[in-house]
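Structures are listed in the sections that come next.
What follows is a pair of complexes built around chain A, which joins chain B in one and chain C in the other.
Here is the complex of A and B:
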């Protein structure tokens, strides 16, 4: 398959990139790893006349790890995240997730920022980042702003990016030692069929189901049950929430899957906690 | 556009359109047909090449990405008639059935050996899980990969 014709631009600064996006409007697409964009262009689903390659903008290639957060530039590849020792120390669950995305070639080229901007419902990172209360930083004609990942992904292939706006960074809070984090998925082909992320800390719990709807879905009822350490009730609440929103054939199977994945994610989260000295273990195990 | 790269050890200049992909140019313009086109969507691994030492899907990578970089295709592994260790391991274990996926498999194991010289079985599987053999000859391929890592 051939790509439709386009002009490739390689700005060296963010300002230059924003100018190009303003100049070409709807006819421009930001190009990073190309693992999603080039694919849909080959399939004829998009035909931008201008690709704006953002890989040469130094700011977007930065990856900073501090005690309480990760700042991941939009140009940082999955490979860099999965092989970064400080990320491994700070948030091993993210490294485990990154290692399982697609295949090694896609991870060498593809970026976390690009993954979020594409908003493919079967995205691994979106589910976990929603549960971690991660944020995206955007830059555009009106300046910079931050949005929760949960508010950034609006639906299947749809984000809150305004015209002329670009994602510059992903900011991920690093959970403290008193917070449990787990992520599990089931995968039959290249992309996961169902994903569940769970976080429980002093401020409360998050249960997020991904890939079973147009965007990651929080399950507040399951979160309340987890705060009470009742994993059985949380599993039931998660299955019910999926059954309530899924009207396609096979919904009962997918509802069951979501519950199973929550139980596994919670087991993984508590097992991780038990292996970390000083970390909080739940009072009742699921 | 003008692209300067090191292709299989040789300085090479390519004039190409912005939308040209590595797979099309190496196969059709440069006559390097060892890199195979199969799924054409980054899933099967048949078109795997090394770009600055990292495995890449030639089917979905712009030639522009190779500018200023080193590109290695399957033709660049051997030294004349002398096979490189990955190729030799595939021969030793008869890790070939129909042979169509073999160049991509060899390039993937080459990438594995460079990324993880002490790879365990889980890591070997992680690399090979992105390459598909329709003959399902994975056992021999795994044996070949293990030999490369143990050497």
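Here is the complex of A and C:
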């Protein structure tokens, strides 16, 4: 449980960061809050010779809120998001989620970018951001590109980051007043045991289940049922989708939980909507 | 009383809050080197050798030791059964067992070199639990030790108690309740992991260790290294929590061995991850059969408890014996048979843990009583009150008479919860009582009190300050008896070269044992002062000490003058008044070989809310009552009671060390979940019962374990009340509860 030796680098701008990553290749790791990275290094699961601390790169610390989107730099901590008044106004469900992540020590150091790049299957934000159709912006030797969060997280601890590439921003569309958003989690140990996000807008619905598989899972059947305003059927579809993919002991319980969480997330979404004047109210409730 | 009975601020609070308090891991001595241990990654195997060559050549390394370096020592320790070598000798028996030690100039070098040591282990099949090792006929974990049971080679210890004719009673009973309960292995989680600093010199062996039992450690070290007791010094500075995990020897022998080999002082500080692999609470399976007579009375109880003691005995044999003794519980039952088995497996050794064997048997007994009451269709409170033993009846056999009014105490607890009033929908209520013979059997405690001529007082008492507040309470006892201010009392921490003998800070015994010795020593000092006052002033009635003065009636005078006048010496030559005191609980009568010094009683009552959709249990209200005889420091007593309750909530709802083939798979604080503030009951009350009927100073009894004993059954009984469903397996995780409350229990896929 001790940190292996490493060299620490502190680039001041993005170009320098990419250069260092190119130079040290596999032997380098981006170091943001270190809440995951240092832990796995202490456990002996990773031994990078070079840690590249990207916290002082101004671009990565940006946090912009406009009428229709949030742009969150990869170096923005959970704590900054949860205390940000504009984020609270634009996307209260995200602030609510951020407040419940881990504990204040982890949130003070840990970043949203680090959370997504680590791709731990029990991530809260990954579930919600997938449902919101959020995107990540990446920069690397081949330039910049954007990817949907759903395409960025490939599996447990696996992302679409190419060698030498970094995440620079997370772009989150702000749902309009005619869109309902809800999120629920259940926690037994340290990280959530199951998470569910639901989004219902004029263009359709999203139901995403997290923590029950290697990556957030969309449930198209449940989405269809939601579009038909049949929450009971959506709950059932969500449970079946988990039951179909989870083969570990206790899968029936987890499948059931996913359904319970969807129902609760939906109630929260509709309750939120009712409390916002002018927002859409559902026509039928389960 | 002026000082005793008040919630005095702790004497160590400022140092602890500011970080000035020094723990074993803070100790530094000149020339000190650092150690790291190499631990087995194999759960069971033959240790064929250890290749240390590469590690020896690593930077900063002073030496690398294995058991082969200590042919002259007797490396074994353990209570009653000495089976654990300080480094593995020819076998490894659990993952995490130390096989070699590295001493280097820095901690970093020591750990880097430890990774280069290569043990050569030929794996043997792993016995992953007591169930597996009981079934294994020809795979023996300690082949060189005779088993306690001729047919079961992996039994470490067996203990039984029998009164009356259980078989006949159960045969004649109108109803026999027969159930098996399980209790998980859990981790102590002392915030400070084990830390030891050992130094050899021509004065002998000097050890600084965060231990609960400095004198026991001294005896172990003297035996292992063949050194006279007078040449072994063990100091226990502040200890950052223990809960049983720092009793008897832990890492003191191996650190002393490394220091001897290195020829310099050696410091070993382990991590939380290693502490997870040091000692745990026993997993237990309890089969309990209880016979009920036609009038509803309990006619017999037959219990078999299987404690999984892991790879080494540690305190397991004693745990099995005490557990068997306490299994029948505090009820009037004419026919009793209890068997306690301590069984080896290739798990982390299990030893002492707050409550010492009792939470396991109270879990079974108090669940069973509730099940029986419900079966009979009677109120569980009323049923208990009817059949609980009365004050003055022996707990078992010819043991000391009960010194508590159990029915009354349980009634007070139930009333505080609102027992009998209507229960809010979705909720349920449950209660339970746990009784443990306190004080830990035969033992002697000694203490010394010194009153200096300037009015300041020193108390020398070998109670380890584990965070429980012993330092303050010892000071309050001395101040009360001497008639001085608490602020003038200095209580010294344990040091076997300075503080008189005590057997150890465990079994809720310090206040009644060491505290009584302090009381007597202080009385001795007071007698000397009063005698001097009689001689010099002609009066001593009502004498008190006020700073540097004595006050007798209207008369006030510096103590210094009194001492000078009485001893006929100048101020710089007069010395101090000092006296020693002792208290003892001798061997003799009682089924355990020594009469119980007192009975530690814990009452728990819970109101819970079960989420039918997820199985999550919320403790809406909780009342805990502790029978402390007299609370010398009420805030400290409440702290102990509440802390014990929260620890109990841990094994009830959350905690379980999970082993797969002997490997601990959740041995980190991220994976192993202990209670947090958010898990506290919404409404949480602690009641102190004070009848001044204990053997300790001012009628006090021991405290600290009682609050934990009955938590699990109280909560399970409340869940049964809320849902109609009985769960006999801890912890009561959401999944377990959800499964239990399904109309048709779903099969695990």
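Heads up, the rule we're going with is that the second predicted complex is superposed on the first by the 286 of 286 C-alpha atoms of A that agree within 3 Å, B and C clash if a C-alpha of one lies under 4 Å from a C-alpha of the other, contacts with A are read in each partner's own complex, and residues count from 1 in each chain.
Heads up, the rule we're going with is that a contact is a pair of C-beta atoms (placed from the backbone, for glycine too) under 8 Å apart; a residue touches a chain by one contact, two chains touch by 3 or more.
In this text, all values refer to a predicted model and were calculated from it rather than measured experimentally.
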item	value
Contacts of A:252 with chain B and chain C, given as first, second, both or neither	second
Which superposed partner A:190 touches (first chain B, second chain C, both, neither)	both
In the superposition, chain B vs chain C on chain A residues touched	B
Which superposed partner A:158 touches (first chain B, second chain C, both, neither)	neither
Which superposed partner A:79 touches (first chain B, second chain C, both, neither)	first
Chain B versus chain C as contact partner of A:2, first or second or both or neither	both
Touched partner set for A:35, first chain B, second chain C, both or neither	first
Touched partner set for A:66, first chain B, second chain C, both or neither	neither
Touched partner set for A:99, first chain B, second chain C, both or neither	first
On chain A, positions contacted by chain B and by chain C	1-2, 39, 190
Sites on chain A touched by chain B in the complex	1-8, 34-35, 38-39, 42, 51, 53, 79, 99, 102-106, 108-109, 190
Chain C partner contacts - residues on chain A that touch it in the complex	1-2, 39, 186, 188-191, 247, 249-253, 256-257, 260
List of chain B residues in touch with chain A within their complex	1, 17-21, 24, 40-43, 45, 48, 54-57, 59-62, 64-65, 108, 111, 115, 126-127, 129-131
Sites on chain C touched by chain A in the complex	107-108, 111, 271-274, 613-616, 670-673, 733-735, 738-739, 746-749
